[in-house]
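Labels for the chains are A, B, C, D and E, by order of writing; each one numbers its residues from 1.
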Amino acid sequence: MEKQLLTLTVNGQPYELYINPKTLLVEVIRDHIGLTGTKRGCSTVSCGSCTVMLNGMAVKSCSILAMQAEGAQVTTIEGLEQTGELAPIQKAFIDHGAFQCGFCTSGMIMTAQALLDENPNPTEWEIREGIEGNICRCTGYNSIVRAIDATAKGNYKEV
Amino acid sequence: MSYKCPVCKKEWKDSLQVARHMFGTGDKPHKEWVDEQGKDKGFTFIDLMIEQATTPGNKSYVTLAEIIEKAQSSL
Amino acid sequence: MIIEGKFTVKAPIKKLWDTLFDMEALAACLPGAEKIEKIDDTTYDATIKQKVGVVKVKMKGRQVLTKVDAPTHLEMEGEAEDITKLGRLKDKVTMDLKEIGGGEVEISYAVDVSMGGKLAMFGDRILRAKSKEVEKEFTKNLQEKLKGIT
Amino acid sequence: MTTTSLATTKFTVINTHVHNIDGVAKVTGRATYTFDVKLPNMLYGKILRSPHPHAKILKIDYSKALEFPGVVGVVTGKEDTLGVKQGIWRRYQDLCDEQILPLDKVRYIGEPVAAVAALTEDIAEQALDLIEVDYEVLPAVYEPMDAIKKEAPEIHEGFERNINVTRHIEWGDVDEAFEEAEYIREDWFKVGGQHHVSMETRAAVSDYTPDGKLTIYHSNQSPYYLQALMAGVLGMREGDVRVISHYVGGAFGGKFELDGAIFCSAVLSKKLKRPVKIIYTREEDFIASKRRTPMFYYVRTGVKKDGTFLAREAKVFTNGGAYTGMGATALYLTGFFHSFPYRWRGYRYDGYRVYTNTLPSTSMRGFGAPQAMFTSEQQIEWIAADLGLDPIEMRRKNSHYPGYEVPGQARIESCGIDQCYDEIQKWIKEKGKLPENRAIGISACGFMTGGIFNWFDTPYAFSAAMVTINQDGTVELYVGAQDMGQGSNTTLAIICAETLGVKMEDIKLHASDTDHCPPDLGAWGSRQTLMTGNAVKMAAEDAKKQLLEFAYAHAHIVSKTGLNIVYDLDIKDRWVHNVARPERGVDYSELVKIALRGKEGQKIVGRGFYTPHRKGMISPAYSYMLQGVEVEIDEETGKIRLIDSLTAHDCGQPINHLGLIGQLEGAFSMAAGYGYLEYMPFEDGQLMNPNLVDYKMIRATEMPPTAVAEIDTYEPEGPYGAKEAGEGLTNPTAAAIGNAIFHRFGVQMKENPIRPEMILNALKEKKEQKKSGKKNK
Amino acid sequence: MIHDFTYLKPSSLKEALTMLEEHKDDCKVICGGQSLLIIMRQGLLVTDYLIDIKHIKELDYIQFDAKAGLKIGATTTHHTIETSDVIKKNYPVLVAMENKLASIQVRNWGTIGGNLAHGDPSGDPASVLIALKANIKVGNAKGGRTLTLEDFCVDFFETALEEGEIVLEVQVPTPEAKTGATYQKFNLLESDQGMVAAAAAVTLNGGGKCKDVRVVLGNAGPKPVRIKRVEELLRGKGYDEKLFAEAGKIASEDCEPVTDIHASEEHRRHLLGVLTKRMLKQAWEQAKG
């Protein structure tokens, strides 16, 4: 199969790659670029472990062809930290114990960040609806909801 | 008195306990011994076990315990 | 999974029975049937193509008649596999023909299908629904065919 | 409540707000799981699986696959593994019945048949289609009640009627106690399976090098088990196998046996001398891993009219699937916990594990107890209703208490169930009258804190730990325990920090690598906090004692009153001081330097180990809990919504506060899923929903508030009084939901998951019975 | 495993249609494609060319005009629809439906055109849109045609799209005054695919009697099922809960659901009856204002 050229920007870094067009976005991020923070849990758009931001929107990278992201700005979990400082949402996750095994955490945090970007003051129900596309088998979600809520309230903003 | 397992000679105070041990172990020698005892009485190891499993009470264990008791003298 | 149904066809029962056993005629009636080949008196090989939306399946398999009481009852069993290995199916078919007056024959069938592979998950719901459609078309075609014969 | 002065000691680290020590790695994507491991020259493996539930393998021809460009090697049972069998019950060879690559026969759909290694995953997958296998399909059987029939096909040779294992528990004179009973009730239940659904599917990377050493990266619950088992099946020495499992993406009881990923990757790597990585797809993870054991449960219970429990008899058939795995333990534990948390004058349990041609059943969080509680706690509720008694008071009067002995089985030390009843009663009272479509269901239970049984036949202590101290005061803690997400690393670091008197940030924990950590049975049966915790405490105490011996050299912290300096000195929060005069002291890191000089440069090394002794047959300690769940049910559609919940929970002294809350909430979500969502339907041996679209699990929108009332007890056997937390909570919820439905509609749900259709059918049946009842009158 | 294909990214609608014309039955259109990729990964779909139209800006629009009604371009995402002010104001039922269609990630990426062209009878938009009397505009290189959405849905995963044709636009007429429209699906997880679903639209006349009504059921057959007997029953009648119950009964008779692992046919019929009753009542109350 003839490879095709893909250009995209991941965490501010531009990439030019030749890929088999059937390559999924998650495969480009993990295998070609090497950012393994993004996970893959189901491949059926169900679990949200592979969530990244594409032009600022949360999407599930397991069900998008990398070619469909041509020219896009992709942000992964590795792109959340700014100059060595954890993002407020990351601090909140640690402080609330909003993860256990950590496998869903990257996707969960990316979904949460996108939610807060769009709706800085969500109600508890809006938070729950917002992360409904992410499965966490460990925590039972309530600590995650508390962490997102606390972030929205500004508890983890840099001074 | 104590009761011996007719196959592996382990001892228990209670013959019911020996019966439980025989069912629980369930390997070939234990099975064969029970099958041998049941030949003329018309039961097999597995018959007893299924009966124990599907009917209330403890009948199969009691049956086996009695046989074990009787067999003690020849051990 | 068991798919059951019945339909009526206006034709003499004997004729109907013969048509069902005339493989060429049967293949012409059965939607998607590409080929039905008689191997011996009780064994038939068939290739059937079906399409559901974007998914195309081509099943190749063998059916064996296990019980035949002409012209009222037949049972068969078979297996088929998709040629691109999407899945397999096993089936057991029972078919009864009954004259119900007015020159009509009621054909009732029960198909016990088990599917394996990708088809099992994707196919369960669709196969059931599709069977109704296939039955409708089959009845129509059969009726046409019988007209030609009688 | 048993309390000692220790329980009231003010801790500096224990039960404070301590962050998970893996937090930064996990929230930044730095944590690398097996899933992420990439080694130079690595190949990718794929497994060819059986499409048949039961078949003889006549011939495997993989020549075409080998010719496929990019394929490097193929392994089969006949040529490479030669029918070597594995099982985790090492002491009982009979029960080591699983050939991961079968020689002659497959027994369930999805069973590995051969494995391919290729340059890419894609190539390996394409090559699978080129392997030709001739099968002779055999008749198959899927349900235990069919499999024990005379005419059923034999799945394993020599296991008549497919009975794999039997277990019996009995105490008291059961029949006599039944005779005394004034009310007897019997019910049959069908309790479902459940999949672990760890977010990280099974994955392994094996790297066999020409010097005969094998390194395996594998997400699992016990690196030591895997090391020992892999050495066994590959004919290697344990010491030549290294298992690394740094981060585990969830396990829940499903990752401590050998699986196809680890076995096939290792066999391929050994053959090809290159690293081989195998990752299961979600579908493979569903069909070819294991599951919670489905059971048929017969329960007969005899009580007095005043609600005094007398006798209980249970007969259980479990759907064991094709192989034993940990299933035999689940069979015993379900029988044991079926008696919990109550006192029975006579109790008898007959459990039969039956082989079927479905995927094997094994341990899963709760280990047989969720099944037991679903049946027991509902039947108890019905008995209370039949007799017109208060279900909580009836439970209370029959419950365990501290010092109670489960005859011949276990001695209960700490037990806070009585206070649990108070908390739930208060909660229900505060709720007042509920809207018409809602009801509350409760369920009690207890659970073990680690297993005593040594079926693995290890010569090592059950747990071990080592503590060394660096010259700057930082501490290296080595444990063989495994953190699979439950937070045990943090808990053990807390125990170490508290015992040694240092801060959390001083502790560097090393785990999950058999080359560098002491052997430990790993993470199962809620054992690590107590067992590894005890070992860590002992190791830290050992190190501390060695340090304090050198404190004597420091005149200003020695009391002039002649106190015994070793035992009356202490370290807290990095301050080495005289207990009687805490202001007199020296900085801990200074003491470390003194000690190093004093020991001629030898590092301080503290050692600890733990194996339970004289603690009965099951476990060194038991936790207790009572849960109340408020449920809304739509009468017309049968839809269930969980509105609220409270769990009163006695877990001894909490150690890791954040971790504890997380465990309790997480267990609730899994248990609620078991109650009404998670369903594993099979058709002709094929799992019909092996994906996360059709396998429904609780999501954020389904999760109710999960308040916890912590009942403080002190468990003398546990470190600082701690015992189990988090696993036991998977037990009560399904029954609590069932009981809520019972209170709402008066219908009895004898099967789980309780799906809307079942509720409506039960309601319909009830209406019809009422109608025909009226007519008869 | 996904079979190999060549990915084509036309830069305009015209180019897309030319490509379609050129590759005809060797190609498949992707417009979001989250469901399509699941099928492709299973190996159930093989195609030589995949033509991506999602980025075509010409088809990404929402237009509203009280006279002409609502026009939604095919590449408009679900999330754009649910956050559109004009839709919120004039078609609240569409917002409610889109909001529960799937998780936010899926709504962010999935498009209305892709959803309808997929032809999944459990898809939410089709039932609601049919209840709202929507039309759909499709076209190929030779030109376009407009048909009712009801006619567009043909069978399980099958639509009236012919080779070389793509969905261009969904058109929804402006609801008459005194119209209420509702939609609900039955599921155990919020925003999960529905086991079944029902949409109802009720328009009342000046006297508060039913002037017009539509009931459309989702996942109740090979395509959205319109229950015309109910529509006949209700026309000209006044608000009457007994009538809604009767409508529910008819709906459960006239639908054609199938059994699967999630629910039996019988249970589905029952649920469809309950949902029909509830949706009609709610729609009617909404129409009353």
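In this section, a residue touches a chain if its C-beta (ideal position, glycine included) is under 8 Å from a C-beta of that chain, and two chains touch if they have at least 3 such contacts.
A quick note: this is a predicted structure, and the numbers were derived from the prediction, not measured.
Traced through touching neighbours, the fewest hops from chain B to chain C number 2.
Of all chains in the assembly, those touching chain D and also chain E are A, C. Closest to the middle of the protein, by Cα centroid, lies chain D. When chain pairs are compared by their number of contacting C-beta pairs, A-D comes first. A straight line joining the Cα centres of chain A and chain D is 29 Å long.
Spacing of chain B relative to chain E, judged by their CA centroids, is 68 angstrom. The centroid of the Cα atoms in chain A and the matching centroid in chain C are 50 Å apart.
The geometric centre of chain C is 34 Å away from that of chain E, both derived from CA atoms. Touching two or more other chains at once are residues 688-689, 691, 693-694, 699, 701 of chain D.
Multi-chain contact residues, meaning those touching two or more other chains, do not occur anywhere in chain B. The set of chain C residues touching two or more other chains comprises 124.
The full set of touching chain pairs reads A-D, A-E, B-D, C-D, C-E, D-E.
Chain B contributes residues 16, 20, 23-24, 26-28, 31, 45-46, 49-50, 52-54, 56-58 to its touches with chain D in the complex.
Across the interface of their complex, chain C is touched by residues 28, 36, 39, 42-46, 118-119, 155-158, 221-222, 256, 258-261 of chain E. Interface residues of chain D, counted against chain A in their complex, comprise 19-20, 22-33, 35-36, 196-201, 247-252, 281-282, 484-487, 658-659, 661-663, 665-670, 691-693, 697-701, 703, 705-706. Considering their complex, residues 30, 35-47, 49, 76-78, 80-81, 86, 90, 93-97, 99-106, 109, 127-129, 131-132, 134-145 of chain A touch chain D.
Note for the complex: chain A touches chain E at residues 1-2, 4, 20-22, 24, 43-45, 48, 51, 54, 57-60, 63-65, 67-68, 70, 111, 114-115, 129-130, 132-134.
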